[in-house]
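A quick write-up on the structure given underneath.
Chain lettering (A, B, C and D) follows the sequence in which the chains are written, and residue indices restart at 1 in each chain.
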Amino acid sequence: MLIGEKKIERPFRWGIVGGGRTSGVGYKHRLGAMRDNTSFVLKAAAFDLDFQRCVDFGKNLCMDEDRLYPDYKAMFEAEAKREDGIEAVDIATPNFQHFEVCKAALEAGLHVICEKPLFFEIEQGEEIKRISEKTGKIVCVTYGFSGFDLLTQMRHMILSGDIGEVTMVDLRYAHGFGCDPTGDTQAEGQKWRVDPKKSGPSFVLGDLSTHTFYISELVCPQLKLKQVLCDRQSFIRSRAPLEDNAYVLMRYESGAVGRMWASAVNAGDMSSQHIRIVGTKASLEWNDMHPDELHYEVQGKPAQTLVRAMDYLSDDALEYERLGALHYTGLIDSWSNLYNRFAVAMDAKNRGDEQTRRNLVYPDLEHGIKGIRWVTKCVESADKGGVWVDFE
Amino acid sequence: MLIGEKKIERPFRWGIVGGGRTSGVGYKHRLGAMRDNTSFVLKAAAFDLDFQRCVDFGKNLCMDEDRLYPDYKAMFEAEAKREDGIEAVDIATPNFQHFEVCKAALEAGLHVICEKPLFFEIEQGEEIKRISEKTGKIVCVTYGFSGFDLLTQMRHMILSGDIGEVTMVDLRYAHGFGCDPTGDTQAEGQKWRVDPKKSGPSFVLGDLSTHTFYISELVCPQLKLKQVLCDRQSFIRSRAPLEDNAYVLMRYESGAVGRMWASAVNAGDMSSQHIRIVGTKASLEWNDMHPDELHYEVQGKPAQTLVRAMDYLSDDALEYERLGALHYTGLIDSWSNLYNRFAVAMDAKNRGDEQTRRNLVYPDLEHGIKGIRWVTKCVESADKGGVWVDFE
Amino acid sequence: MLIGEKKIERPFRWGIVGGGRTSGVGYKHRLGAMRDNTSFVLKAAAFDLDFQRCVDFGKNLCMDEDRLYPDYKAMFEAEAKREDGIEAVDIATPNFQHFEVCKAALEAGLHVICEKPLFFEIEQGEEIKRISEKTGKIVCVTYGFSGFDLLTQMRHMILSGDIGEVTMVDLRYAHGFGCDPTGDTQAEGQKWRVDPKKSGPSFVLGDLSTHTFYISELVCPQLKLKQVLCDRQSFIRSRAPLEDNAYVLMRYESGAVGRMWASAVNAGDMSSQHIRIVGTKASLEWNDMHPDELHYEVQGKPAQTLVRAMDYLSDDALEYERLGALHYTGLIDSWSNLYNRFAVAMDAKNRGDEQTRRNLVYPDLEHGIKGIRWVTKCVESADKGGVWVDFE
Amino acid sequence: MLIGEKKIERPFRWGIVGGGRTSGVGYKHRLGAMRDNTSFVLKAAAFDLDFQRCVDFGKNLCMDEDRLYPDYKAMFEAEAKREDGIEAVDIATPNFQHFEVCKAALEAGLHVICEKPLFFEIEQGEEIKRISEKTGKIVCVTYGFSGFDLLTQMRHMILSGDIGEVTMVDLRYAHGFGCDPTGDTQAEGQKWRVDPKKSGPSFVLGDLSTHTFYISELVCPQLKLKQVLCDRQSFIRSRAPLEDNAYVLMRYESGAVGRMWASAVNAGDMSSQHIRIVGTKASLEWNDMHPDELHYEVQGKPAQTLVRAMDYLSDDALEYERLGALHYTGLIDSWSNLYNRFAVAMDAKNRGDEQTRRNLVYPDLEHGIKGIRWVTKCVESADKGGVWVDFE
């Protein structure tokens, strides 16, 4: 159980690129990172392309004005000169900038936390990997839903054989907030997502399904994806070639199969992310609207609902638990758990403690690259007319 | 609202082939048909291949012993000679007998009610259609879940444009009762289902998904299916070549798309049938575990739950309502509604009242043939490796 | 498992008083009684005070016109003279007639099935009991919700100690269909319910809570009620002195306590009847909107949902099961189960087989009288200002 | 919408009494207060009776060692001497210390945030009120569940007449974690709760139901409680005279009525707090397990589920919203909202801006005193045998 006590000697000095006043996700990064003030402390930021807005915003967060910067280059340069300069940086910009900022950050000797989808191309991922290995700094990816305790429990139960052999992986991240195309031209946070130059080769596959795909890897680490088949649509025509809806079928090496439904036009849905893992004996189901409940359905037995923080959970599902039974958590608790692990991973890296880092379960650069591969292969399949393509 | 009063001059004299003591579905036919004793009365039966068991069973249902027959041929022959002979017959046998019994029944001048999937081949369906037209007798198909009042409401709302244009049809009939293969060799009701000679070219596609596919036609009559792609598996190896799990993707003429998941190995699932129809403005969702609730989700508005028997429903969704608000219904209420319509359709046919029959929404021979086509095309796609095939 | 086969030598010839075209509950009686045509067959009726409407209705049910009667007296007299006269009668009239019809029926040598609340006064119950003992005919009470299989399971688990010692009995029958008082003056089925002359000393306590109180006796037969305290209100003023809302607190001999909420003004509620039995180790919860699900919550363990028709249920919870797993039931299935037991009880009585009747769990005259006592004591407590009164 | 920006000129310097390493609630206070680092910053603490544990813990929170104190007296004295001394203090001790620490804090010129139930006696509340008025410092009460956005929405809808006139207030805070009495003697956090000297005259009435009672005041500010009747039990005998279960009936001045169920022995329940407000036209229902969903049930219309962060909510229900639609919140988000308001209230008080403070909806000293009255009157009623007692 966590109660806010430090897990590392002292919190990392930490900066942000992007994630300013008009960014919803930036606040999630700050809340996740600074929950306990013992993992990260926010010291510097280049929040915004509009420098005045950056300064206003940073001052309103009670930050030092002289550590608010017009852009990431200025920040990395100035911070590098300070004795108390930042040690880690968060990239919360639109997708198309991830690669260049990440590269620059690593080269500036910073650990990186980056938004998903990581980059546009698998090759970019490989390049960053080489740089990361060279500089000895790590890259963490904010699959922000993946820190919920019950996903840890799900992984534990699947690896323990509680559902038998996995036969099916049913994934969904499908909401309806893109039904109204007004936001495509008018909302800051939406505009760039439907612009291939800024968003990359996909809309919902990258923006949504990479989260859920990562969760499937988190809970079923033993599965290897063999082939995918994707059919994608642009129900709002102006979004073409980017899809606002996609169906994917999966085939795994083990013989297991799977499905993904990614959508921004699933009108009215408010419980967007659903994950059902079916095994030969039982199934596990979880959704992000009620993240503290895990449904365990053994064939022929009464269905069970496991609840966060209860003694019957596995030790690792309780390790990051903070609030106790009957006190339910939300998305920020998941982000906090992730950021806490990022800090531990960075600290272990700094100390050369590879064992700690290897035992730590968190979305790292490999997972980020796998996400790029996922998008790339789905788009390839769809563009060929919805045919099976090899994943690796 | 129905209260048991007759809708036709007098109930049909009715017989059954199959559906005896070891048949779960036979009881559903009897309960559906005889709920009010004003649509059908059971007069004759060839319940069982074991004649003594047939007689025992029929006597226990308080039937006349001399109208219990060793087989359908004997029944059709003897009943044809009686002045009070049966006028309609129910076919509740394993699939492989549907065709021959149906043909014989029509030729004996009987109206037919037949279990799904109707036959093995589209051509058989076409042949029965010709005979039906010749003899002036109709064929009804027991898609037994399709009589729920809220499916009528769903159809009404979709045709009224309440969800906008349909974009997606998400279908599922996936339970886990086939996880244990013991029944394949030991349970009467399961053995023939996994034997291609008796079940036809598929297991779950035919046995389960034809129900849900019909419901999609019922609620979205305006959609025309253009292409399907199916990936099917036999997770219990001994079932091959019959599948115990299948994923289908659909493309409709209108640009709408869809999915079907049919499974007998979805371990632990107890709410097997789910239907979600997504439109440009809203979605409708229904499942057969809570059939008196219909979820209406307008994007950007609070989700609504419509409940059977309430005044706010459409007139046709209230027409067959029987119990009043707060009194919830189950599967047999759906069967009763269907059988009631079958009686009205037969009566209209006998009276030459084509208008009544055309206005009546019920699963008829065309829908039965469409079900055969559905199975045939899915199997074809799967056997070609999971490729897109044209539906018509 | 039931499959419609007879449990008694031949079905009872059965008549109805009341329950005609304007009565919702009359149809439930017919559906319950005649589900299989092996327990009861409807032969005679005095459906309505309006004789022409009675005749029209009976003919529409395909009944013999000459066994449709203007009133119960005529029916009992004429039927008594027939060799094939009725053997049992159903009383589905407004409350105030229950006593006189029941008395006349017993004296005419008929078994009786009567609507709840049985009569107005405990003394009337005692008088009927004496007559019943004298004539050797039994009285059954249609607590129509009490036939669900999972209530049998609940009883079984409580008696088996699965929840420990019972500490709390939380009961509720609270809907909102009385929020609109229009029905009080305009709806046939509602008018008499708010008229003390026809309904008795209470509205919702008698009309609703007697059902739920009986279910509490069914599932917790070991508990003895010691004291009740009731606070009742007439939120629609014109209903006074009859209450449209009542809160009751209960104290049992064992130290257990309980609550009842009866209401017709619980605006918007669609799942009216909830029953939660709390024990020292676990709780069981059931509601009549989803009657095939039983929630079993062991403190410190994952909550379980038991589902009808599954092998893990007790033998008695499967004895009346009809449809098999995944096929869900509704209110009429409950009524059918009750009527089936009524037929077995009457048959056992006729055969002098007291053991069968004693082992049979069904709402009998004693339970009917207990219901009168429940209403009487609640009204007494409320009229004294909401004070504790002894139950016996 | 909040995004972490400051609402006051600079964050308050803030200290804690109690709430150390063995305290679950202490962490909630810290998380609530410091979520954005713009309302409060933690500067000093007397976490624990064990000073060494206090120091260890504080250092692990990265606090200054020389501002960790052995007790509240030392802290108030030392901090008063510092130029950068604390300006507000949090009392997270067992109940029996609330009064003396609160008094000392006010007298030391500090604003106070105190755990519920505030004190043991109404008179103590009145005394604190006088001191507070004299010193010009305010007292806030951590009814920690009351900061959820949808409770603000509920209040808004009730005050807007969306449910008509309120007729019923149905409250429940009933879990089962007290079924096992082991904690009474072994768990730090439980031991004092069942000791009348430390907990006061009640267990669950004070510890649990004061939360839910406050929420009823929050959402129905127009109601005045007139009379209560309480029946309380000690199902675990060793807890007597403190109750582990209590039923309360309420009568309001307006004619509305209500119920409360407070329990620590409601075995297996995981959704402990339920609030249903019934009006003449509709009802609103909320529970703390799914706090981002609000059920709005208009009689005769489809039930609606309102969800946090959606545009259709009232302005005040969106004012403190932080995460955007589809991103669900948990208990700490509620605490953060409260602490944010506490900071605004303290700041307004310091600036003499009475209007801002009056318009702010948060649990203040009056609400704390009302909570003491609630417990006092319930205990009085129960101890008199379960009779009606006047509330004021």
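As a working rule, contacts are C-beta pairs under 8 Å (C-beta built on N, C-alpha and C of every residue); 3 or more make two chains touch, one makes a residue touch a chain.
Please read all numbers here as calculations on a predicted model, not as lab measurements.
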item: Centroid-based (C-alpha) most distant chain relative to chain A; value: C
item: Of B-D and A-D, whichever chain pair has more C-beta contact pairs; value: A-D
item: Length of the line joining the C-alpha centres of chain A and chain D, rounded to whole Å; value: 34
item: Euclidean distance of C-alpha centroids - chain B vs chain D, Å; value: 56
item: Multi-partner residues of chain D (at least 2 other chains); value: 177, 270, 296, 300-301, 303, 307
item: Contact set on chain C toward chain B in their complex; value: 3-6, 10-11, 21, 24, 26-28, 30-31, 34-38, 57, 60-62, 175, 177, 270, 272, 288-292, 307, 322-333
item: For the chain C and chain D complex, residues of the former touching the latter; value: 163-164, 167-168, 170, 176-177, 179-180, 229, 231, 233, 235, 245, 247, 249, 251, 255, 257, 259, 261, 263, 265-270, 278-283, 296-301, 303, 385-388
item: Touch list for chain C against partner chain A, complex; value: 296, 300-307, 310-312
